[in-house]
Every structure is written in C-alpha cells, then in structure tokens.
Amino acid sequence: MQHEELKIKLAELLTSATFEEGGEWTTINVEAADWLVFAGQLRNDDSLFFDYLFCLTCVDWKTHLIMVYHLSSTKHRHNMVVKVKLDRNKPEIETVSHIWRTAEFHEREVYEMFGVNFLNHPDLRLLILPDGWEGKNPLRKDFEDPVNMIKL
Amino acid sequence: MFITRYIKEVWGAVKSLTTGMKRTLYYFTHHKEIITEQYPDNRDTLVLPDRFKGEVVMPHNESNEHRCTGCTACELACPNGTIKVITRFDITPEGKKKKAIDKLVYHLELCTMCGLCIEACPSDAIKMAQTFEHSVFDRNKLTKVLNNPDSKIMEGVE
Amino acid sequence: MWSFSYIANEIHEWLSKTFNPTWTLIIEMVLAGVAVIGLFAVLGLILVIMERKVSAWIQIRLGPNRVGPKGMMQSMADTVKLMVKEGLTPTGADKIMFNVAPVIAMIVAMLLLAPIAFAKNFQLWDLNIGVLYVSCVSSLMVISILMAGWSSNNKYSLLGAMRSGAQIVSYELSAGLSILTIIVFTGDLQMSKIIASQKTGWWIFKGHIPALIAFITFLIAVTAETNRAPFDLAEAESELTAGFHTEYSGMKFALFFLAEYVNVFIVCAIGATLFLGGWMPFHISTWTGFNHVMDYIPSSIWFFGKTFFLIFVIMWFRWTFPRLRIDQLLNLEWKYLLPISMINLLVATLMAMMGWHF
Amino acid sequence: MYKEPEILSNYALGSNSGVSLGEGDFQINFGPQHPATHGVLHLVITLNGETIKKVEPHLGYIHRSIEKMCESLTYRQFIYVTSRMDYLSAHINNHACALAVEKGLQVEVPARAQVIRVLMDELTRIASHELWWGAMAMDLGAFTPFFHAFRERESINDIMEETCGARLTMNYMVPGGVMHDIHPNFQKRVKDFLQLYKRKIHEYDELVTGNIIFQNRMKGIGYLSAEDAVSYGCSGPAARGSGVSSDIRKIYPYEIYDKLEFDEVLETAGDSFARYMVRIKEMHQSIRIIEQLIDNIPEGDFQAKTKNVLKLPKGDFYTRVETARGELGVYIVSEGGTTPYRIKFRSPGFSNLSVLDHMARGSKIGDLVAMMGTLDLVIPDIDR
C-alpha cells in the first residue's frame, strides 16, 4: 500500500491519531491508551498485515519519552512508524510481545535502558544490565556514569 | 523393501564418510598445502601493505622540519581523544606572533587506527606507519610525542 | 639375536642362577612393573606428539615445531607443565572418589597390557583366556569415568559420565561380537595361539568378507569405547566443556589423558593381534624369497608397525568427522552395528564349520 | 551504582517464565566462558536429563553502550565504533551508518564509490560466512574445517589489508564514499581469490555438507516455521531458511543492488540444515556479484564532496542493510546538530537470539550447539 492510501486506512482505524510528515515512511502518533488495540488491528487487518516488527526503541526527549515502533509487512512490503508519547516520570505502556514475539526481548532492553514499564509483559527482568543494578537508566539523557566515562 | 533400503543407507553412509577421509588424507600427505606463517621467524621477509594502519607518525625531513601547523584538525577529528596538540607562539623575524606546535602528544593506547586524523590533516603532516609490534612493559611508553625535539615547521607550509 | 625374547631369557637365566626361585619371581615382577610404567610414559609421549602432528598436517598447519628437533620434545615440555601444575580438588567434591578415579583409569590400562604379545615369545602373561580377559577388564574403564563424573560435583561432569556409561556399555557388545568372529575361526582364546593360527595368512585376508566386516565393526566399536571422536561424547568439548574431567587439573588430569592414549594403544594392539596377525610377518604363500625378506624384519617392528597404523586410522577418524549426538550414537550401535555383527558372526560360524576359510 | 546482588543464585526461574523446575530437572550455566558460545554469551539452560526445557539468555558481558557513545561523537566519527559491533561484517555495519548519514545529508554517492562499497560488502559477507562455516563445524566436533575455512578467509583479509589498511575493523566507509581509492593490486588479488575459492569450494561439501554424521546432526533440528520467524523478528539466513523472503538487498535495494544479477537464496525446510544451505549458497551468490563487478568498476571519484563539519537536518533517518547475519537497521534521531541526538542499532543477532529458546525446547543439548551455530551469533553484535 502506498503512503497516501495507508494514511487514509490508518486514519479510519484510529481517528484520534495524528500523522507526522517529512519522514521516509508513514509516521503516526498514537496515545498510549489506544496502542494495544491499535497494534492488534495493524497485525491482523488483512490489507495492512504488519507482521514484522523490525525495530522497537525509545527516545528520551528530556521532557517526555517517545516509544518508536518500526513495522513492516512481509506480504505487502509496506512500512510504517508508530510513535507513542510517554510520561517521563511514570512511563507505562502495554506490551505487544504477544502480538510480535520479538518485542519481548526488545521491550526488556527498553525497560532497563529507559525505565519504561511494560504492562502485562510475561518476563520483565533485566536483560543486559547486571543483576543488582540500581539507579538510573543508562540511555536516559541525564545518566552520568562516574566510573566508565562515556563522554570525551 | 526394508532390507534394500537398510543396505543402501549403510552404503551411502560409508561412502560419504570415505569421501571426507580421502580429503583429509590428501592434506595429510601434501605438505606443500600448509599455510602456517612462522612469525617471528619470517620477520625479515614480512612485508606489510603500504596502507596498513599501524601507528600515527610525523615525518621529518633531514633538517629536522615537519609540516604541522598546529591547526588541531586531527585533534578534533579523533573520536577517542588520542591526539593532543600543545601550541606555542613563536616570534617571526618580522616581529609577528606565529602559532606553532610545541608538542603533538599521541596516545597509542587509546588509538583505534581509524585513520580519521590523517584524512583531516590539511597539510599532510601526519601519516600512518606500518609498524605493528607495539607491546611495551610500561604503559607510559605508549604516550608519544610525535614531533622531534627542536623541530621546526617546513618552509612554505601554511 | 637382539630380540626382546632373547633379552628376557638372558635376564631370566641370570636371575635364576643368582637367586632362589621365589626371589627370581619377585624381581621379575618388579622389572615387569617398571617396564610397563616406562612403556606408559614413552607411549604417552609418542602418541601425544603423533596426534598433534597428524592433526596439524590434516589441518594444513605445521604443528609443534619449537621444542627440540622438529618439535619432537613438545610432549616432554607438556608433561613437565602438567606435573608442576596444581592439582585442585573442588570444595564440594567427594574427595576420595575424586582422587581415586584417575588412578583406577591407569590401573585398568595397566592390567590390559598383560596378555599382549609385543614380539615373538615376548609376553607378560600368556594366559589361556587372553581375549576374554581383555574384553572383561576393558569394561572396567567405565567405572573410573563414572567415579570422576559423579564425584566432581559438577553438572557438566555428571552429564559426560552418564553419556559415557551408556556408550561404553553398548559398544562393548559389538566389540565383543567382532572379537568372537575371530575366535570362531581360531577356536582358541589364547593370544599366542591366535597369532600362531595366522602363520599362513592374517585373518583379515583369510576370513573373507566376514573378517573384513568384523574388522570395521571392531574399529568403530573401540573408537567409541575409548571415547575418541567422533564418539567423544563423554568429553564433548563444545557441549560439555570437557565432560567428565572438567574439574581435573595437573597430574590427575594427566593420568586421564595418559589412560586415554594407552587405551587407544591397547585396543589397537588387540586389533592388530586378532586381525593383522600380531607380530606375524606378512607372507604371500608361494613367494619364498619375498617371505624370507619379510621374516628378516624383527617381529617387534611388525607388531608396532601394525599397531601404529591402526592408531593412525583412529586419529584420522578423529580429525575428519563431526561428533554424533547421544541418541544417534546409541542408534548406530543398536540398529546398525549390532545386527550387522550378529549376522556376520552367523556367517563366520557357518564358514568355520564348513572350513571355507583358508 | 552497581551493587552486588544479595542472593547469588537469583538465576532461578521466575514465576512467570512458563517453566518450573520439576523433579529431576536441573539448570546449568552455558557460558559466559564456554567453547560453543564463541564469546561471552551466557545461557541458563533448564535440563531434564539431556533434554532442554528452557534456554534463558543473560546478556551484557560485552555491552559497551555503543548507542550512548555515539551520542557524543560527530557524524564522521561514530562510524568507526560500529565496526566493533558485528566485527565479522565490519564493512557492512559501516556501510549502514554511512548510508544513514547520506540519507540525512542527501548526498549523491559517485558510481565508483558505490561499486567499491558493494564489492567490499560482498567480500566481507564471504569472509564472515567462511568463519561461520568453520566455527559451526567445530561446534559439531569437527576441528579440521575451521582451519580450511581460514585459508580462504585469510586471502580476503589480505585484500582488505591492502586496500583499507586493516584486516578486521577497516573503517573504510565515510559519508559520501570511501576513504581511499582501491589499491592498484585490488582487482588482480580479488581475481586470484576467486580462483582459489573455486578450486577449494568442493572440499566444503566433501568435508562437511555431504557427511552423513553432519546431515543427521542438522536435518530436522531446530525447526522454525515461517510465521514464527517473522514474529520473532528473525532476518537473514535464519529467516530465509524458513522460506521467509527477507533479503534487504532484493526487497529494499540500496546502492547498486537493484542493477545486479543475483538470487535471493530461499530454503523452505526451516531446520538447521536449511539455514546451513542458505549460507553456503549465499557465498556462491556473493561470488556471482563480485564477478559481475570486478571488471566493471567505473572511473570517477571515490568520494563525494562533503562539508568538513556534517550537520544532519532535524528528523528521523532509518536505513536497513543486509549484513552477513541479517537485517541491520540504523535509526538516527537528529536535532540538527553535529552529533546524533539518539542512535539505535537494530542488530540482527539480538532478534535472532530471541528465537533460540523457542527453537531449542525439547531437543538435546548437542542440538543446542548446532542451532547456535546455524543462527551464527556474534556476541558483540547482540550486546552492542
């Protein structure tokens, strides 16, 4: 499906969503509350069929966090980006690991690196950081590590 | 039939195993296929390609002159903070102040041999040397000063 | 003149003249013990360097080439290294069993040397059930591996030991059956008589196809019994780090290492005795001149030559094949080797009854 | 910051992990130092006898936080760090980053540079597959193929050393092209390599592929269905072994891949042997690409003119390339400055590792090693 077509279809599915222009792929902003239902529709709708979540990450914008989901369809070969804005002090979002199994690992990574709490995640534990890690989440902008200098 | 299939299976297995054994026997008997390089015995004949990135050096000519103007382009280009340019101001015969390097400090222990400093240098003052035996007993020896003592900038390099 | 049997007889005569019979026997036993231990050490050194060179050439490498002439002293250096290493015993281990296991491995290997004929008339003990003795004692090897694996208090070791238990017990069967094929032909269990029966030709030639099949089965089975690749599941480096000897270090590890190589030597020696005529030279029936030349080569060289050829074949296996999985290993034994060797034994018995072999 | 955990054995299965320790079950730590993990991967395996009940990866032993490091490096500098992620396909990682920066700057890369880049990518892919082939055979207990694979790989490394100046972490790609022109000997040496490769390639089949033990160890092991492969985000040979068409070079062509003749290798069996065959055949396809290009390197610049200080416009830039292990995504969020605001590397190994638990359940411990071999896990790529 082409960009314009996809936009119309997506706007039908979720009326509250806004689109972001300028990117390479169709980019849609979704509220955190709508995300779980919307994700299921993206995966299961035959004309959309976004079955391949190829990138899941988070960006810390100092005032808020933004979850970024890159989706692709192996059937229709179209791509889209979903952005979900989260509260920085209490970031919570529903997990999508039962829709795209790959999200399980990626969400665990985001959980420890950004402190985003994924609700109903089957196994939300530290994956990369050592057991017993306390304190801030390393990829947030205000993280400073006095032992291992990262900035030069 | 079961028996023929069984025999075929065994026969195929034996055949595939002997193919592999033939190959290894070939290498066992053909010693000229050996590819081992006996470093450090072959040190004299070992030639490294001229582009090999081993270490940053600053070439000097016979009258102890280099081409570095002290512009700090290499220092800015380096991703690891490997290079530190310490500049001083020389008084030229005309009485003007001119920037020149006092020391160009190079931390070999931090260097990843990416070659970005060489690319960045506008006056071709530094280049990569083809050395690779960098081990020393003291870490301090890895911090090097690239310009020779009392060296001067070459005429005509701006 | 300078054959092994000559030297042995000289020593025996001198001892008989000097001491009374009891002392003679005791001194002879001590001498034999020293000789066996010496043989172990020498075998260990030679086989390790041989393995390393064979693997190197197969893998287009040079192999050890620094210590001594052409690297031949490399295994000496390794021995020194292993001897000066600290032999750790893990805290949670069963100390007695842990330390006894490698010794048992060595004792089993030593016992196995008794009935082997190294040269003409040169044998420690020519007992009348030689072959039976060998197949009985060799199955004791599994005890040391099980002890080592269980007492280490390490899950990898335990897994390795359990694998090894299943493996050795099942492969004993087809090794035994293939030995039985030759016994059916000879009609005797005594080593010297088995060798004597091959005076006119080795069993691998005389016994037609059944002997050949038995020989191949024997090779596969003993490779498995000595835990060598492709059947090295007890060690399985890439799966169980080092299997049953994961926790061993220093001299205790060296004993296991040595026992493995001595076991390889012994099974190859038995294979050479049963199928390739032991110390018997290679004869072609009517070529008298050729047979004469062959007779001129000392019997010990014939024996060691054949044995080392078989050892090379087993090493060749090791450096060519990938490892089997545990269920495939047992499949191979119970579904392929065992039925084949049983049918083979049946055919061999028929042949022996009808006198169809040469 | 880091506190020693109070309970040392908190690797015990969590209540929500789906499997509980039954009678006769036990757990072993597979790694971080283990001969088969080829690095510092730590798997906690729950076993019942020899049968695997659960595989649980614990990562982070070689985590260097490359994503955070890149936030303080300029667009020219950050490329070199990515060589250290998947060190076996360093060129392709650098290529992905260079492409992402070029996408932001909207620089046209000269034709010569494009061809050189593709040539280097394919050589890297062959070198990476060679190492995988040897290492995987070694995992299965055959030691000889490892050395035979290194013979061919070594000649690729020599080519790299001559042209790029380094053997493993070349840092040859720069935004706008490549750092230097190719070495005058390059074409001749590549042709020599092709000859050597063609002379030796049949030995791979003799030693490993055709071997009955190897086939039995591989066939039917580690089955992965096409739906699972997509759902778990598998890419590269791991997905193509299950029949999922996922070659980025074909689907979303970059550089000159759309003008080249090569096939996307697809196997439908979905087992370890299928993944093995995909990689073996992929080497042939790479050879095909190199043969098409080696005599047709166009004349011209090897680098586009770019500004001294690169500044990406505000926005998101995402590039996908096909590395030897699968799809590598580089996601740059720019605020308009000289350094990226946030970088995310979507590494193929991370997603491919997540499928291991699903694949391995119910199989033997020896199979796990074979599966890990065919997934071709490179640990720095997983940890980043």
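Letters A, B, C and D mark the chains as written, and numbering starts fresh at 1 in each.
Quick note on the criterion: contacts are C-beta pairs under 8 Å (C-beta built on N, C-alpha and C of every residue); 3 or more make two chains touch, one makes a residue touch a chain.
Note that the structure is a prediction, hence the values are computed from the model and not measured.
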### Chain located farthest away, centre of chain B as origin (C-alpha)
C
### Task
Going by the contact definition up top, give me the pair of chains with the most C-beta pairs touching.
A-D
### Query
Taking each chain's centre as the mean of its CA atoms, how far is chain A from chain B in angstrom?
41
### Message
Between chain A and chain D, what distance separates the C-alpha centroids? Give it in angstrom.
### Response
24
### Task
Could you grab the centroid distance between chain B and chain C? Build each centroid from C-alpha atoms only and quote it in angstrom.
51
### Task
For chain B, write out the residues touching at least two other chains, lowest number first.
17, 20, 23-24, 35, 79
### Message
If a residue has to touch 2 or more other chains to count, which residues of chain C qualify?
### Response
58-61, 319-321
### Task
Give the residues of chain A that touch two or more other chains, as numbers and ranges in rising order.
152
### Residue ranges of chain C in contact with chain D within the complex
55, 58-61, 155-156, 159, 163, 229-230, 232-233, 236-241, 319-328
### Task
Would you pull the chain D residues touching chain C in the complex into a rising list?
26, 28, 34-36, 50, 137-144, 146-148, 151, 207-208, 211, 213-214, 216-217, 364-369
### Query
In the complex of these two chains, what residues of chain B are touching chain D?
12-13, 16-17, 19-20, 22-24, 35, 48-49, 51-53, 77-79, 112-116, 119, 128
### Residue ranges of chain B touching chain C (in the complex, touch as defined)
10, 17, 20-21, 23-25, 27-28, 31, 33-36, 38
### chain C to chain B touching residues, read off their complex
54, 57-62, 65, 316-317, 319-321, 336, 340
